[in-house]
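Next, two complexes with subunit A in common: one pairs it with subunit B, the other with subunit C.
So, the complex of A and B:
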């Protein structure tokens, strides 16, 4: 229905070339992680920006990555079933209210459930509109976001306004979920504060990842492999994904496409709601209006960044969560330090591309490295406003450079009517 | 074909009314659950907006609120007519107004006469809005990036640039003793005067409202009466048919996004030129509101105007609800439900319309019978259709055919 179909079919447009699946094997991934670690500690030692690998930054990055990742997982479930879910933001808003209200009424675990249920109801509404009534997916998502904002406000004026310490736009303090630490790890504090090359960095990262971790964080992390297992290793998942790839074919094989689309979208809402509950219960232990601050959209971006796969999505969530976290920890200097890393990476990629024979791409990369390096050496920090924009710029750059390699579900966003094939 | 086929128009009129009724019912239910009287709430809202006491004041305020809404919705509607989602009205309008506001107050333009400066501001706001939209257009055309995602990202990036530039170190100034950062105040010769509409109020309608109305007329003319508008609608309705008839989709995407972004650049001008006379950090963001109003108004210039007025009425008239101890957020719920209900209602109306069209096509299958007999329709018409088709029962026997007018049903299908 949109101009996309036209653009895809023009001869001048980018041909939908079959993407060569270059799967990363475990040793390669481990090598990449090790190289990344080395690069980060080198940058830290050279620039003196201690916060880029401190345990506090890592912990904050994990906490920022969880809601983004949950929203992204939500988007994944929905889009794999063929329904574009731009209402993730709205479902997250419902989740923030649900989490806070549930936690205040039924205790912390009740908050998790209430948040997920509130988000799932938003998802159900989206499913009714898009699947049953065939409303355009984007339109429905926009409407749900508008509705969710008003609904959360209305509900909190009914509930939180009557509680001590609460008001129309914020709740009283929400009971916290239990936090877990791996015993013994906190002893690494001494090592981290020495600022040794590599050793202190590893200590900081381990401390950040293994101490004082909320239960909901663990649940969220577990949901990534669980999603992969359910969607790619079970017949349920195969059916659900077939609805996103070719619903007519699925229909001929006896799959109830409507039902699987409903499953996908409702689970999507529940995950987004869980992300919202994390914001109001764990990240800030209070419900505040406007708390989601566009994280639903970043989640959507993460899903695209991760090429509609759980692993890539998790990597994207960590990346965006990390930039988000650096904002709070002397972001201007930390991100400035990372400019050096970006320049070096661009240079390396450029040289590699020239060696491989793609000269133009290589020269472009090297040409891009120069201004980044100049930027690094001529300034001391990056304006904090630009630090906030990092996830969005990254997404645009990734989309611009790699959109031909991305492969969304084939029937994503297309209307489907039973027997209409 | 008759231009106003009642059977097709009627569902399209009933749909928004049904959606409004549903929205009123849902919000009434929400009020009843919270133990309030919905009728009391609605009558208080109406009384506040149109009653003798506060009416003149508040009605003017509604009109003033509706003006930027109208512009934002027009910007969205231009894209919608081609099947493009410009969700980036927010970022486009912010950057546009910041550039216009900073330039309009700049000292080197001080010698330029006021009205000319207003024209320069309008042009700059449109150009910057269009340029920001062009980023999304180029990404779509050359890199295949969906404009839905790119415009959302550009909104946030635009917001960051806005916040970066509107600080006291750069374009902003701080009023003496105040905390609000804004661009320098515009000289009074480039303010657009307001118009008193009603007796008994000091409130004036924005003069810029006439520019908004002119934009609406221009939109109607461009989309409905020009070659470009025809191509635009054709691409929106059936992309592959449009391409087959020689429309270049790339050019259309770029032109449409530029137009949409240009109108988006105007969104904040009514308030800046007519009331605030400076761009502040609180200059409103209207992205999603514009989308909702365009949907509500069915991309029709008059429909959008009505929808903008309705939206503004709901926004403004919720003030007295606080006095009745009714949560005024009920209005936001009403807005959300209206949008959702209206898109569902239009979808259902379109389905009813399609079914009726199919039925009339079914009724026309007298002609199909001729084809099955091996005689091309045009020749059959010359030969005299009655003789051939009379004995053949049309497949859909519920709808009667009219074999005496052979050309009629063919026209209906086209």
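So, the complex of A and C:
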């Protein structure tokens, strides 16, 4: 008997088959990507908002997605082991400090390690509190975030305040990590600036993804499939996930639940710390108090968005990063263009739902598309307050649409005592 | 028990100071309490300017000072507590650095409440107006200084397009934006000005503390064709300079002469800075307290009083200095009125 049976019989008794049936096959995904590209390109040509597929926007989207995605991955590791980690924000703060300090003391690579270690220590504290002492997960997480904020200030006053150009609340300039460009892609610049339909869009996206990419971005991207492999394709991952689904059953099968929960939460902290290090080393080359600005919580939201799976989580982070980058770069112009795209998508989803037989949902989608389209055609700009809210609204809308299909680990956030089952 | 004792002590101290107005022959020691804005000492900008004014007062005048820092996620109640802690600790005057201390509703914000609780203590608030008999509101004509750097940006631009990055969509930062655009249009009527804001009060103005966002916003402006970007974004401003460096473009600093305070590698992108002499305001206020010349109400530090201005360090604007000084003279003379709303 293996731990497999633990997962097969989830307490909710949810059959596994329908979930599998909803999985998209590779050709369908490719088709969707192509359709999306076409839609973006068409919207760009119609609206003249050239920034929505420019290399700069894609690069900025990636940079803004990475810290969120790393925090989300952190949340995934922790919650898959059954521990809710709302302290991600705090572990990220520790990571921003650790990354800057490590980079200034040991060089750029030292920063990556120090950031991850600082975050992991925050994770360890969370694990001690929640796993060993059974403290409520939310209480411990909130406490760690408050503690991390004060600790980062204290540590900065000990370190950065004594450095030239630093202070209690900010570090001197942090050495940057190497950046990599795929040879030859830079030549696409000429194609991108022509603003041709589809061709220039693809050139812009390729340039954004393949030139001037930080090493830490590559590491972060690689961590997504690596997490999937470790958690879903190894016996280590199976045991870790079993602790999040049904720890009592895992215990009867000889899994040391405490130890696996520790693994999950410490790795979670390390990933959040890495996200923090990315912020202070790559995204801004400086540590600045409060620079995480709630990204840890947004990471948690992308994890839920992604249905507690690495792929969905990465998609959520990219979606959030993209809208965030667009509104920061060109504000209302790009977001105004996106209104048209949203209207088209809502219309397409509506038609698809009606074809599939869910008529009410389809009609609601189409009814929503109309006012969005009217909004696009009757205005030239969007108020900045709304523009700022776009990433959050996007996430909310997607969460609202997808929430019916979300399934958290069954024992997520529940206390566990050995032999208590 | 302990809390009650401290409060009692504080009240006594407050009373002492109230009675301390009796004339003495020697210069009296002024106990200054100063509460920083988010970012605090070491922000290389706004707060450091206030700190510099206090440091000058420490060396030139007979004062004792207590400085308290603010946290990035605190509430108005925390700010009120900090001010009350200072006034009850016997500090008089108490200086609140930053518009956040006025609160969302200045009539009932942290400063107004603390000033009502300690009627014998004199307060000063920088960057906002609080109407209380024991509060001096020290405000700046940022739009006038911004007008000058706007003109400088337009004159230095070769693409005919310039940019502005604001830290938070509030009235205070709108003054910077309005002056900047007016100055740019005055120097070059056909100039295009793109404006990006990093945050709103809804997310607690996180855009003053997020260099990554400053960098992304500035990159967007440069990619759109701007070649000079002015930032009024506090701690996020360094991100704007980094973007300028990476793109080989120019930027304009804010509050203090950022050419001198920024990392040496970024110096050459800063063509000028809009100076806001918070240090002068703090020093003058402390000095006036020492001379028993407290004046409640609004004091505007403008171009005329040298409360705002532009910096020339680095020599990037030397060739257009006569034009800028011409605008400056006209603003002082009143022939140019600078708008405060875009």
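Everything below uses one rule, namely that the second predicted complex is superposed on the first by the 400 of 421 C-alpha atoms of A that agree within 3 Å, B and C clash if a C-alpha of one lies under 4 Å from a C-alpha of the other, contacts with A are read in each partner's own complex, and residues count from 1 in each chain.
Here is the rule we use: contacts are C-beta pairs under 8 Å (C-beta built on N, C-alpha and C of every residue); 3 or more make two chains touch, one makes a residue touch a chain.
Source: prediction; values computed, not measured.
Contacts of A:393 after superposition: subunit B is touched, whereas subunit C is not reached. Once the two structures are superposed, subunit B and subunit C can be ranked by residues of subunit A touched, with B on top.
In the superposed model, A:139 makes contact with subunit B only, not with subunit C.
By the touch criterion defined above, A:284 lies against subunit C but remains apart from subunit B after alignment on the C-alpha atoms of chain A.
With both structures placed on the common chain, the touch criterion links A:294 to subunit B and to subunit C.
Of the two partner chains, subunit C is the only one touched by A:63; subunit B is not. In the superposed pair of complexes, A:190 makes contact with neither subunit B nor subunit C. Touch criterion met: A:385 reaches subunit B and subunit C at once. In the superposed model, A:51 makes contact with subunit C only, not with subunit B.
When the shared chain is aligned, no partner comes close enough to touch A:178: not subunit B, not subunit C. Taken together, the two complexes place residues 149, 153, 168, 294, 385, 388-389 of subunit A in contact with subunit B and also with subunit C. Residue ranges of subunit A in contact with subunit C, taken from their complex: 51, 54, 56-57, 60, 63-64, 149, 153, 160-161, 165-170, 172-173, 279, 283-286, 288-291, 293-294, 325, 328-331, 384-385, 388-389.
Across the interface of their complex, subunit A is touched by residues 30, 34, 82-85, 87, 139-141, 143-146, 148-150, 152-154, 156-157, 160-161, 163-164, 235-236, 239-240, 242-243, 249-250, 252-253, 288, 291-292, 295, 327, 329-337, 339-340, 343-344, 347-348 of subunit B.
Residues 1-10, 12-14, 84, 86, 125, 129, 133-136, 138-140, 142-151, 153-154, 157-158, 168, 294, 297, 300-301, 304, 383, 385-386, 388-389, 392-393, 395-396, 399-401, 403-404 of subunit A are the ones that touch subunit B when the two sit in their complex. Those residues of subunit C that touch subunit A in the complex are listed here as 38-44, 48, 69, 71-73, 169, 194-200, 202-203, 206, 209-217, 219-221, 223-224, 235-236, 238-239, 242, 263, 265-266.
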